[in-house]
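Next, two complexes with chain A in common: one pairs it with chain B, the other with chain C.
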Partner chain A sequence: MTHKDADAERLLHVDTLARVEGEGAMHVRVHDGHVTDVQLRIYEPPRFFEALLRGRSFTEPPDITARICGICPVAYQMSACLALETACGVIVTEEIRAFRRLLYCGEWIESHALHVYLLHAPDFLGYASAIEMAREHAEVVEQGLRLKKAGNAIMKAVGGRSIHPVNVRVGGFYRFPTRQELRALRPTLERGRDDALATVELVAGFEFPDFEQPHEYVAMRADDGYPLESGSIVSSSGLAFPAQRFADHIAEEHVEHSHALHSRLIKDGSAYVVGPLARYSLNHDRLSPLAREAATAGGLGPTCRNPFQSIVVRAVEMVYACDEALRIIDSWDGAGSPYVDVTPQAATGHGVTEAPRGILYHRYTLDRDGTILDAVIIPPTSQNQPSVEADLRSYVQDRLELDDIELTRQCEQAIRNYDPCISCATHFLDLTVERT
Partner chain B sequence: MVVGIGNAERGDDGVGLEVARLVDQLHLADVWVTYFREPAQILDEDLLAADIVVVVDALSSGAPVGTIAVREVDDRPLPEWTGAGGTHAVGLAAVVELARALGRLPDRLVVVGVEGADYEPGADLSTPVRRAVQEAADAVVALVHERPDGG
Partner chain C sequence: MPASETAPLPTLAVWKFASCDGCQLTLLNCEDELLALAGKIQIAYFPEATRAVVSGPYDLSLVEGSITTAEDATRIREVRRMSRHLVTIGACATSGGIQALRNFADIDEFCSVVYAQPAYIETLATSTPIEAHVDVDFQLRGCPIDPGQLVEVLTAFLQSRTPRIPSYSVCIECKRAGNVCVTVAHGTPCLGPVTHAGCGALCPSYARGCYGCFGPKGTPNTSSMADRLHFLGMPERDVTRIFRTFNAAAEPFRREGLRHDESALPERGGLP
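Take a look at the complex of A and B:
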């Protein structure tokens, strides 16, 4: 970190922003007491997954795109399957859909537990790392590790392994586990649900800066249940459209300072927010009764506009995911086929599902033998980039009286509100605040 | 407990798994062998239930490829060459420190590392690393056969 002349120019620089996934930089310029420029710089080289997919078979994207992220591989598999099945005119059975929800619950639990306990909670409790926090709050960290393990247990039982599951295929799954195998998860998930409820209580007691974001919220909404593996897209201003109209409402643009494309709403060019706050605020009525009670007990209303409270929303979503996983397991029959046959055809298909960090869009164009001619993947972190920058701009503007160290710390915390998976967007973060 | 860590699809990164597999094939009494992709998964295990935990992993210390290093975990942090991790994953050194902070370190925790060179996706073990697998397995077996008094 460097600090130039306070009267003329202030420059804060953090080489490596810790506790985010991926690599990038943040630059904030302050001139004459006004924030004039904020840039979330994602400079990790592009990974070219979309180009890599061209010429591949339509059966391959679930396994290839899962490698984009070790934290949310299921999201990539689910959006890929949905897009490819849509292109081929296939609708999976309700049993397969339920099994996909179960797998997704596992990912949400392990991803949210990682972020809440190991990445974000140290900010609120005043520690530089989860290791430091563990020295004085071992029971808190153990609770988080138990929750993460519960999520991993679902991933292993349903997906075949806890990182980069291997049981997913276009049209469904290679194998359904037996009822007994799934029932064996029950004690772990019941304990997980208790831990998730305790998590809501814990994080609701944190102190949150007085800050609200004005951005439009965009999330999925399904015919029933909290959105995970299917549904259409809705927004806080009343937009409602299916996945195949994604490009009519959301545009990607290249900005010089980032290797990840920024996304904006076409209607007015504005930034928007995807992820837990948007999902919660647009689907509060779809939470399970227990999760809704937990939200109320945690001090949340039916909507939440303070990004620092996203940690509470993630905890509520863990309650929901445990609850939903138990519901699916209890009603599981597993008697049907684990997959439906998918015959390729020349067509374009679109798929959107709710990754832990927000909506993840896939689009594939196939030729008649199923060869991929074109692929587009828009992850949640790249969609949130303009909103992160806008949040930083207003947050810093209102706190210029803070010294460089404290302002930098709070900026990093504000970035972590979004649980950015910069590796997905392509990636890392060092922070520069320049004041002139 | 013997823990092999690595990714078999990333060249020399899979050496920990190969060494653990060799030990597993010996069916040693009272020895539990497990395999993980990421060091953080070690925390899913009850480390305190074992008299000794031997972790086998690939190393990047700058030593000649195939070099075997044995490091007993004491009250000092592990050196960074054991894998300090980064923004994408929690490395072995950080996992050990987290286990220490949680009071979950076993009586003995030993890291057996094999210096790797080629971590390309889809690659097999490099020749020098493959040659070191048996020797590393022998080192693991010697460790789990040691009595607490060193005899």
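Take a look at the complex of A and C:
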């Protein structure tokens, strides 16, 4: 997949990036010892979600936008609900909010376990896939699958199924499970918490290249707890704004070389990073004591600037998610109404929540009868894309002595640091038609 | 793998077209079966899970996603040529998916709403199922597919038999689950009577009506269903909406949706 040109030009490209969600390609051009071009290409066909949402009822986005991504459908459901409830002037009960957190914990565990064990760990341990890795490290892969299953178990109990859950509606849920149903999850989650702690220990022992990056971090910050289903947006340079000010601070920019819309901060046009690294570094004080201890034991300080260590942060977040899920289950009463009534009105609403890969923004404008007139969705992967490219640029520049095969392999690993979800990004990223 | 020293394992390839990745994720979600499966089938091409690529032909191809670009229309023919058996997984591959809502709209207008540079977008005016392009050996329904049904399809393939996937309605599963009928008891609109079984009657178990994500059952009476929806007080526009979601282009749902569409544009395409 790589070749050297006669005139000292080096091209590294991977036509089909493996172990990422969706279809993407990477392209790096080196000329005279300098990286001249870096592109993370998205060639997955667009599906036009923002267009097809127009004319639909305000009750439909939780089900429809879930289909943007089979790996993080809950994130889409949560941001959609929040945006639509804001438009309609509705605030849900604390009980509903807690239940949303529980569902979200399930998705975080499932998605992080998938990425840590099946997609990312094979890079560190030198395998093409987790299935190959299982031949020599069966107990490691089994631990990962068990964790993943624990996340799925939450999603099944709360949402009905783990992919495209059916229990979420604007205003809350269709049905609250009984206390007993939820308590039944306890043993699975206790085991999950042990597995998550063991995961931190495992991945903290991986070898990380010396690669600190200066990116600005953007994540949510809530009144209490680690951010999941609500909160405002903060950044490492001190930005702080609510969801409805999103467009005042973050702009989508058309970049010529890749024909892609990239997100940048309006204040200085800089790239930024969302996701586990940003979330952790801006909310370290909000982790549960157990998760914070695990982070320290895993060699993390209160902030983390090495994208390769994102795998450790994901493991720490799994400890938190298990802890938080157990806390919610233990205090669960389920006596209140599973939803609040939502009456549509002509208005615009914004919603941001923390998807496993970072902040996910939805905006809807409704007609008086609840018909959607306009929809905007900005997923985390498209926000991270400029930073992924920046990482590749500096990573390759410092490692030109590596041969093409090794350098390409390491570049793929660097892309996977961000757990890019191309299925998510595609519905709004421009398609690059150029082929290498 | 000791087994591979004696007889080569059948090879499995997983292909993705326009989709959300959820149906191929279902394969990775079979946590209890995944490693056992890896001992019976060689996973030869599955980019979401592995960097390793074994070249074709493949004994079994699972295809996720619908055809929405000219390039993909060519690629699916190549996939068919390389595959002894081809099984579609999920609503996108089997009926065009949610992205087939474009079939009822103006694709140029869709492009201009979402993209700054519509000219760069190469897309077809329609989203079509795999069977509109190549022969398909079996279609597994659902948005997403059910993990138990996926394991049944893989097992059936290994045993050279037809998968035991019934095409009756969600109502049968709902009765079997012991649910009280949400329509009869609460007047909740429910597509269960016309929807293909497979989910285990999930939505009624969660006190909501079925929204048809497994697509039409065998021989569905959609017009009678629509009468019932009207009787429950559903306005005409919502009748169109309820038939027009993740299986909007599946023929019985497509026809019923159009029948109630007061603002129908001239339809683009259909099957090529």
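Here is the rule we go by: the second predicted complex is superposed on the first by the 415 of 436 C-alpha atoms of A that agree within 3 Å, B and C clash if a C-alpha of one lies under 4 Å from a C-alpha of the other, contacts with A are read in each partner's own complex, and residues count from 1 in each chain.
Please note the rule applied: contacts are C-beta pairs under 8 Å (C-beta built on N, C-alpha and C of every residue); 3 or more make two chains touch, one makes a residue touch a chain.
These figures come from a predicted structure and were not determined experimentally.
For the composite obtained by overlaying on chain A, chain B and chain C cannot both be accommodated without a clash. In the superposed model, A:Ile64 lies in contact with chain C only, and not with chain B.
Judged by the touch definition given at the top, the superposed model places A:Val166 against chain C, while chain B stays out of reach. Residue contacts after overlaying the shared chain place A:Ile266 against neither chain B nor chain C.
Of the two partner chains placed by the overlay, chain B and chain C both lie in contact with A:Lys149. Contacts of A:Ala51 after superposition on the shared chain: chain C is touched, whereas chain B is not. By the touch criterion defined above, A:Ala297 reaches neither chain B nor chain C. When both complexes are overlaid on chain A, the residue A:Ala251 reaches neither chain B nor chain C. The wider contact with chain A, measured as residues touched, comes from C rather than the other of chain B and chain C.
It is stretch 81-89 of chain C, out of 81-89, 99-107 or 261-269, that runs into chain B when the two complexes are superposed. In the superposition on chain A, the residues of chain A contacted by chain B and by chain C overlap at 16, 18, 20-23, 70, 118, 130-132, 134-135, 138, 141-142, 145, 149, 152, 161-163, 423, 428.
For chain A in complex with chain B, the touching residues are 16, 18, 20-23, 70, 118, 130-132, 134-135, 138, 141-142, 145, 149, 152, 161-163, 422-423, 428-429. The part of chain A that touches chain C in the complex is made up of residues 16-23, 44-52, 54, 56-57, 60, 63-64, 67-71, 73, 114, 118, 122, 128-132, 134-135, 138, 141-142, 145-146, 148-149, 152, 160-164, 166-167, 169, 174-175, 254, 259, 261, 412, 421, 423, 427-428, 430-433.
Interface residues of chain C facing chain A in the complex, by the touch rule stated above, are 1, 16-26, 28-29, 31-32, 34-35, 38, 43, 46-52, 68-69, 72, 97-99, 101-102, 105, 109-111, 113-117, 120-123, 127, 143-144, 199, 202-203, 205-208, 211, 213, 238, 241, 245-246. Taken in their complex, chain B has these residues touching chain A: 37-38, 41, 43-44, 87-90, 94, 97-98, 101-103.
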